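Reading through the structure tokens given below for one structure.
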Amino acid sequence: MPKLESIPDLEQLREVCLQSRDVNRPCLTVCAGSGCTASGAHDVIAGLKQNLEKLGLAQTIDVKSTGCHGFCEKGPVMIVWPDGIFYNRVTPRDAAAIVASATNGRKPVEKLLYQDPQTGERVLHENDVPFYARQQRVLFGNNGRIDPRQIEDYLRVGGYKALARVLGGIPGETIVEEIKKSGLRGRGGAGFPTGVKWEALRANPATPKFIICNADEGDPGAFMDRSLLEGNPHSIIEGMIIGACALGASTGFVYVRAEYPLAVEHLRVALRQAEEIGLLGENILGTGFKFRIKVVQGAGAFVCGEETALIASIEGRVGEPRPRPPFPVQSGLWGKPTIINNVKTWASVPHIINRGADWYAGIGTERSKGTMVFSLVGKINNTGLVEVPMGITLREMIYTIGGGIPKGRQLKAVQIGGPSGGCIPSSLIDLPIDYEELTKAGSMMGSGGMVVMDESTCMVDVARYFMEFLEEESCGKCFPCREGTQRLREILDRICAGKGKEEDLALLDDLGWVMKETSLCGLGQTAANPVLTTLRYFKDEYLAHIREHRCPAKVCKELIVYSIEPAVCDGCHACVQVCATEAILGEKKKVHEIDEGKCIKCGACLEVCQPKAVLVS
Amino acid sequence: MPTLKINGISVEVERGASVLDAARFLGIHIPTLCHDDGLTPYGACRLCVVEVSNSNGNGRTKMLSACTLPAEDGLVVQTHSAKVEKARRLLLEMYVATCPQSKTIQDLASKYGMRQERLAPKFDNCIQCGLCVRMCEEQMMAGAIGFAGRGAKRRVSRPFDITSPLCRQCGACLYVCPVCELRCHGSSAESTLCNGCLNFSTVCFQSYDDAMCFLDPCHACEVGGPFRSDVPVKLSTVKSAQQEK
Amino acid sequence: MTDFEPVQLEALLADFEETRESLIPLLQEVQTQYCYLPEFALRRIASKLSVSLTDVYQVATFYSCFSLVPVGKHVVQVCLGTACHVRGAPRVLDRMLRDLKLGTPGTTQDMQFTVRSVRCVGCCGLAPVVRVDNNTHPNMTQAKVRGMLKKYRSKEDRPAGEADEVDDAEARVHS
């Protein structure tokens, strides 16, 4: 493609892209995000292509791999255009049927359509699936429609229009004002108003200025940044160029964690394409504005999501945070003024420019504007990425979108915001989700991970899990965080083993408080949240472990015993085969028995037992 | 020159000074474990936290480390509020449990009225204040020691655990270390909290054997530091001494 | 390991600017090429970039992508993210360690496997997941562990590609 020399050139290219493709031409788009790839999306694509070749239709029907649709649980998912038929759990064996239906009267393949678990009805279109119906997909809307490796696709859906407008003569202060008016707040978790941050950077006379996209999505249970980078990298790039233009920055960085190889690959492809057609580099669209974006790969450290640690990591040092002030807008990368925003924050920018601050501010609650992306995972029927307006209630999230808890179990808690967040109990199910409400409940928005827990989840064990995580992931620089996480884990270990004392609860509370108040960075200040919130809402569960030496959820190994119910056991021998320690006795077709002395309580027998004869007490 | 308020007293300091400097100028003692006037402020021990509010007076306060906080116009600082004292006491409880053998830490604990130790003693040799690392790099210009690892596994170390040719055996690391400079014998086995050593004099050099000492061998105690391969670290020494009592 | 390595390292070094910022990308490249960070490489990098060895060592031991000891032929990453945790990942890890006769995550004696726990690979919808080399195995159970390991152990004896198909078919059978 030739380099674009001016803004009209861009519009002309968009026209060419639009005309080169007939919207009514059949197209099979298969999600090729990390989730669907793991479930075999590439085999499906190969299968579809093979079948088309066989029928000589390779030239009439397109096959396209797109970004993540968010409904990973049902992957691989695909859509047949132009009708927009949504198929889920597709296998290569289904390829022939799909191709046949796409060519022959377009009658959908019934068994691949989404089936509503409650009504049993088949759903034809993606938007009618209850999982999507309540969503407002501003950032993710295009993920399922474009091939992230093709800039043409992004241009076809109106990409880089906002950039053209900005370069067409919107002054920097107007853009910053617009962002401020939209009420956009940092999507990385803390929720600092983006416009205020931008204004502070503009006010700093020092040069050069740097902008950074924080894609170090370390929160376990959150994968929306990965999904957006993989599925629509150009939207992030466009946001960053607009930001650079408004703030007068000449270099941008995207800091991606190393665990996301596909995201890095797609981002690199997108950057190369943008550079090739002159949307990045010197003299962008002939306006004289220059800007470059570099990709920096993380090396595996959760703490690098903290902005000062991230800066240190880009500079080639260990990711240890430093005290603020000075804030990065005053002195950031190499001591220069720097802005760090999350992936979703950057990706929101073009939408705000295109549709106006008032439109954006019209979504959400009084103080939290716009849409938020959550990853709904754990013990829930529909797992995946969910984009909803701020202020939606937990009830809607879990029961309407998430489709409720599997196996008819009861909801116990929702862990929101990763290791910095907290566990919200089921009694707060009508809590509207926004920055303020979550903080009040002792949790935080974090990056939007939402892990649903049912009655079979032990809250003490969950708290201990997070401490184990943080003990490793704390950088270890400041004492309260390093030592506090170890001490909390030590005490929780004791409680999980049934050796806790009642005084331990006050100690947990004290240690949590001091970590919160005195730690150096956000990681340490929020590290105790999982402990403090479980202590606040699930004290009875702690007390059951301490006083009665009982784990109500039957999770803590030291407090449970496995046995086989003789009346139910059909002697199928499956458990004997999986038992790692030969602790299950009994011959085939005869009732089995567990030798308690040998049993290591790994639960393998429980997983394989069909008649459900294995009991945990 | 910035003017700020510390505990109700206005003070004017030179630009570039920290809140810790300003407080010291007023004669207010703020405890520190990782601060040394000749070294870059580090902000890791967190004992010097103070309560800070802005002069706009929205009532909200933040706890920040005084050593790294630039003294700026309009800051309102409380160095010994009830909240600050509580935080310091809890931090010291953690410190005593980590290194009960440090006289510096035991003294501070006594001073801040800590009367109870609820955590199990670790008898670590190090609180990772980083004084030795900064001393070696910034004052001795050697950079022979540094940190390694992360989180619970972070430690002061030498590359590949071999003494670096850059080490001149100057002993500056030992000199600044708050854990090994003076040894407290600890007290009864019931509690590692001593509270009796406020007037202790220097103890015998012999009890330096598991000090965080990077000299190999140590010139002062001639026993050998924890990195001497032929002399294993005697973490158990203090513990067994306590059990005997 | 052969004597050619330092030569390779020099070729690699030539691709990077001699600045502090190159340190982490350079270490990543060395890690990819050698599967670990050999001591000679760290020493060479320190002198080439004019960064003290102490600093290089600190960076190399701080980030979890780096390893100072050689890793096995296949790197098995067991995701212990929150979603995987509540869906039973710790039991999968325990089983894997027991099957490979490892006490804690590490490398097997025959240098075939290095088992690591990793905090979230971003496939939470398919929890629990295990990533072996570059393949992600969704919806893992203890029962699937042995077969999965066996497949990788004997991969070189089979025609290329065959092993993958078997596994993918198995993986798609959702519970």
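Should a chain be cited, it is by its letter among A, B and C, assigned in written order, with residues numbered from 1 in that chain.
Quick note on the criterion: a residue touches a chain if its C-beta (ideal position, glycine included) is under 8 Å from a C-beta of that chain, and two chains touch if they have at least 3 such contacts.
Note that the structure is predicted; figures quoted are calculated from it, not measured.
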Contact graph of the chains (line, ring, star, complete, other): complete
Exercise for the section: State the pair with the higher C-beta contact count; candidates are B-C and A-C. Expected result: A-C
Problem - Identity of the chain that, by mean CA position, is farthest from chain A - result: B
Problem - Whole-Å gap separating chain A and chain B, where each centre is the average of the chain's CA atoms - result: 40
Exercise for the section: Take the average of all CA coordinates in chain B, do the same for chain C, and state the distance between these two points in whole angstrom. Expected result: 37
Exercise for the section: Round to the nearest whole Å and give the separation of the Cα centres of chain A and chain C. Expected result: 23
Fill in the blank from the handout: The positions of chain A in contact with two or more other chains are 301, 318, 473, 475
Exercise for the section: Pull out every residue in chain B that's touching 2 or more other chains. Expected result: 147, 149-150
Problem - Of all residues in chain C, the ones touching two or more other chains - result: 55, 58, 62-64
Exercise for the section: State the interface residues of chain B toward chain C in the complex, per the touch definition above. Expected result: 137, 143-150, 157-160, 164, 166
Handout entry: Complex contact set, residues of chain A against chain B
Key = 301, 303, 318, 322-323, 325-326, 470-480, 482-487, 490, 503, 507, 510-511, 513-514, 517-520
Exercise for the section: State the interface residues of chain C toward chain B in the complex, per the touch definition above. Expected result: 39, 42, 52-58, 61-64
Problem - Residue ranges of chain C touching chain A (in the complex, touch as defined) - result: 19-25, 27-28, 51, 55, 58-59, 62-66, 80-88, 91, 94-95, 98-99, 118-127, 129, 134, 136-138, 141-143, 165, 168, 171-172, 174
Practice task
Sort out for me which residues of chain B touch chain A in the complex.
Solution key: 43-46, 49, 63-65, 68-70, 83, 87, 90-91, 94-95, 97-98, 118-120, 127-128, 147, 149-154
